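Common to both upcoming complexes is subunit A, partnered first by subunit B, then by subunit C.
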Partner chain A sequence: MTAPGLVLSGSARVDGAPLFGPVDFAAPAGRWTCLLGPSGVGKSTVLRLFAGLAGPVTLDGHAGASDGAPLAGRVALMAQQDLLLPWLDVLGNVLLGARLRGRRGDRAAARDILERVGLSAHAHKRPAALSGGQRQRAALARTLLEDRPVVLLDEPFSALDARTRAQMQDLSAALLARRTVLHVTHDPAEAARLGHHICLMAGDGIRPVPLSAEPPPRAFDAAATLSLQGALHRRLMQAA
Partner chain B sequence: MRRLGTIAGPVLLALALWQAVVVLTGVPSFLLPAPARVAVTLWTSRALLAEHALTTAAEVLIGLFLGAALGFCAAVLMAASPPARAVLRPMLVFSQAVPVFALAPLLTLWLGYGLWSKVAMALLIIFFPVTSAFFDALMRTPPGWTGLAQVMGASPARLMWHVRIPAALPGFASGLRLAAVYAPIGAIIGEWVGASNGLGYLMLLANGRAKIDLMFAALIVLAVFALLLHAAVDAACNRALRGRT
Partner chain C sequence: MSTMTDPAVTAATDLRDDEELRRARGRRINGIARWVLPIALLALTLFWWHWVVTVNQIPHYVLPGPMLVAQTLVEDFATLAGSWWITIQVTFMALFLAVTVGVGLAILFNQSRLVEMSFFPYAVVLQVTPIIAIAPLIFIYVVDINLGLFTIDAQLVGLLICAWIVAFFPILSNTTLGLNSADHNLRDLFSIYGATRWQKLRYLQLPSALPYFLGGLRIAGGLSLIGAVVAEFVAGTGGVGSGLAFRILESSYRLQIPRMFAALFLIVLTGVAIYLAITWLTHVLLHKWHESAIKRET
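Now for the complex of A and B:
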């Protein structure tokens, strides 16, 4: 499995009203790229364009893989809502992708991933019986099990407490190594920990932030991580 | 038990009012029999009532089952295929525009005086609420779920089977609850038009012979049956959808 990079150029609009752009953005192959920006600038739309779920959005330009082949079938998406199916238990939800493709699904792998996100004891509960953080971890487990070269994450850790968030970030960084990850977030601390590359999205476009720090995942309490977090926060304040 | 209490109060009040009207106005019993007299008839004619109630119950249950199954299939077909939608939707509306009463003599002519003309009536009357409620729910699958399934590589058939149908089952349940109320109406209409058995037939027969107490007794049996059917369908739907929210 060779992960392609992602490229996006052009501008997007909804019903004729401009949404963002023009932008020129690239997420390098096999790397973790964080797309950081305030709410409402169109970060989620960027993800949806790569996922092939443009909906009412029209893109004047191009969004796709750097190798030129279609992205369909090579992408896993974790949306902002957990999108767990209420009539399936957690195990059934984690195995949903295989079931939708008409395969049996690897139950051992699913149980292993549930163990790693700390939901083993909840495998046979329905989503309604879980807390918000547990639901988000179930959605993360479903995304990680999809085993796709390109992984699109939309605020995947937003509902987690600080401790669980750090654990899930480390787990995701380990399991998604060498895949192309595009991670949308509004949290500078998260971007500072996880990004090989960090791009700042504002109303006037998407700009890369120069990084000199060590490769991710960076320790959440290291001086370099905290200083990067501060610098990103500063840029966010100035961009707004 | 508490539910029984909330039902018993109004029922007793209605019975008391009924008895009071009969006593105070002195209305003859061939127009309005007293509740006590109806109760006696209920008991003395229990074998007769049970026999006819069994026939009506069979018509209603078979009609309900077939109508629900047919409505399920029609709704899925319409949701899956735009050409099927274009053909079936006007037919569905038309089936409601024609009063079922007007069709009853035809159905009796075609299907005979037995069970199947009543089953067909019950089926016709519940097909629309079931199909309509389920179809509407099938067309309102949350877009987040369909998007996720699309990214996961689901075919339209698997999207339908694994996501759209289970997501729309609460809509199917609403249709079914309505159907449980309508199905007895269909069967009774069928029996009025032409039958040799069933509670509707018994009511007409009793009416013709001025046995109004028997007619009331049949009416009460029918009402109790319809209430029980609705309660059973409601409980089954709630049970099937339990744990979702």
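Now for the complex of A and C:
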């Protein structure tokens, strides 16, 4: 699996009204890129353009993989909602992609991945019987089993409590390593912990933030992480 | 362990135990009340009925007492049971048709907006047409249907059409609503997975619609019984024999009012049984995942 990078250039509008842009944005291959910005600035639209879910949005420009091949079939999505089917148990949800491709799915591999995200004991529970953190673990397990080179994250940890969020961030950083991850978030602390690259999105475009810190995942309480978080927060305030 | 002797922790544990006990007691009382209250109220109502009839010396051809109705039910059960069985058969055949056609049309409407726009008004027209007004016409129009292996009697065809018209709309409208209310985030997920239209229907929309369908089924179950009884009232007796509605008509002509009440009782009993069966089915299908059926502590 060689992960392609992501590139986006141009401007987007919905029903004729400008949404964002013009922007020039790239997420390098095999790296974790955080797209940080306030709500309503069009971060999720960027994600949806890569996912091929633009809906009513028109892009005057180009969004796709750096290798030029189409992205369809190479993308996985994790969102703030866990996107689990409530009528299937955890195992059924993890195997959903395989089922839709008309294969029975590798149950052994699925169990192995559930083991890695710490959900082995809950394989036969419905999502309603799980906590928020456990549901996101199930969503992560499904993303891993799909084994797509590009993973799009739309604020997947923002509904979790601080402790569970930190655990999920570490787990995701470890398990999604070497994939191209585009992580949309409005939380400077999260970007400071996870991004190889951090880009700030504001009304006037997308700009990379220079980083000198150690590679992620960075300790949530390290002085360097906290100062980076502060710097990001300041830029966020100034950008508005 | 030090925590075992910590008075604050012990007090907190006791408090939780008290809370748990109170909750358990509440649950137990709830469980008993669920059965005892309606039964007690029923007994009270029956006694009051009996008392009114006895004290006012109301003649049995005006209002029979509950004892007389029960006695008639037992004595005439042989006759009534035959009619009961016919009404039950018509009811369930009509409900089956309502489910098949209702769900089938809902899927068709969901797949094609043009079909929905064209045909939904007709569904509404059928729904608001007073069945009692058009039933006599329906019984004039229908003919025997020859299916090769067996023939469906025209009388039965008329009964089924009437009961079906009454029962199918809640299934159609609820299932249509359900198919359209699949979470749009999940639709996006299915798009990313490259799911086909059929797969979206099979794995996302139909399960999403299930709670809505069951809500419609609960209404349609009662309506198909009412439809069957109303149709029998119009049709009278014929090729399929006489259902309970015919027994009610016959008893009222002969002033056998206790028998009329006995037949009414059987109809009500059937309706309640259908309702309970569908409630049970709903619980079995939804209790593990749907918000409406999950039991929560708070």
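Everything below uses one rule, namely that the second predicted complex is superposed on the first by the 240 of 240 C-alpha atoms of A that agree within 3 Å, B and C clash if a C-alpha of one lies under 4 Å from a C-alpha of the other, contacts with A are read in each partner's own complex, and residues count from 1 in each chain.
Assume contacts are C-beta pairs under 8 Å (C-beta built on N, C-alpha and C of every residue); 3 or more make two chains touch, one makes a residue touch a chain.
Being a predicted model, the structure only gives us computed values, none of them experimental.
Participant: Is the arrangement of subunit B and subunit C around the shared subunit A a clash or a fit after superposition?
Facilitator: clash
Participant: Figure out whether A:Ala177 sits in contact with subunit B (first) or subunit C (second), or with both, or with neither.
Facilitator: A:Ala177 sits against neither subunit B nor subunit C.
Participant: Identify the partner contact of A:Leu96: answer first if only subunit B is touched, second if only subunit C is, both if each is, neither if none is.
Facilitator: After superposition on chain A, A:Leu96 lies in contact with both partners, subunit B and subunit C.
Participant: Quick check for you: in the superposed arrangement, does A:Leu53 touch first (subunit B), second (subunit C), both or neither?
Facilitator: both
Participant: Looking at the overlay, does A:Trp87 come into contact with subunit B only (first), subunit C only (second), both, or neither?
Facilitator: both
Participant: Counting only touches as set out at the top, which of subunit B and subunit C does A:Ala76 meet: first, second, both, neither?
Facilitator: both
Participant: Check whether A:Ala121 is in contact with subunit B, with subunit C, with both or with neither, and answer first, second, both or neither.
Facilitator: Touch partners of A:Ala121: none, neither subunit B nor subunit C.
Participant: Using the superposition on A, tell me which residues of subunit A are in contact with subunit B and, in the other complex, with subunit C.
Facilitator: Common interface on subunit A, subunit B vs subunit C: 48, 51-53, 72-73, 75-77, 79, 81, 83, 85-87, 96-97, 99-101, 126, 128-129.
Participant: Any idea which subunit A residues touch subunit C in the complex?
Facilitator: 48, 51-53, 72-73, 75-77, 79, 81, 83, 85-87, 96-97, 99-101, 126-129
Participant: Which stretch or stretches of subunit B touch subunit A in the complex?
Facilitator: Listed in rising order, the residues of subunit B that touch subunit A are 143-145, 147-155, 158-159, 162-163, 166-167, 169, 243-245.
Participant: Considering only the defined contacts, which subunit A positions touch subunit B in the complex?
Facilitator: Per the stated touch rule, the residues are 48, 51-53, 55, 72-73, 75-77, 79, 81, 83, 85-87, 96-97, 99-102, 126, 128-129, 146.
Participant: Contact residues on subunit C for subunit A in the complex?
Facilitator: Residue list for subunit C touching subunit A: 183, 185-186, 188-195, 199, 203-204, 207, 210, 288-291, 294.
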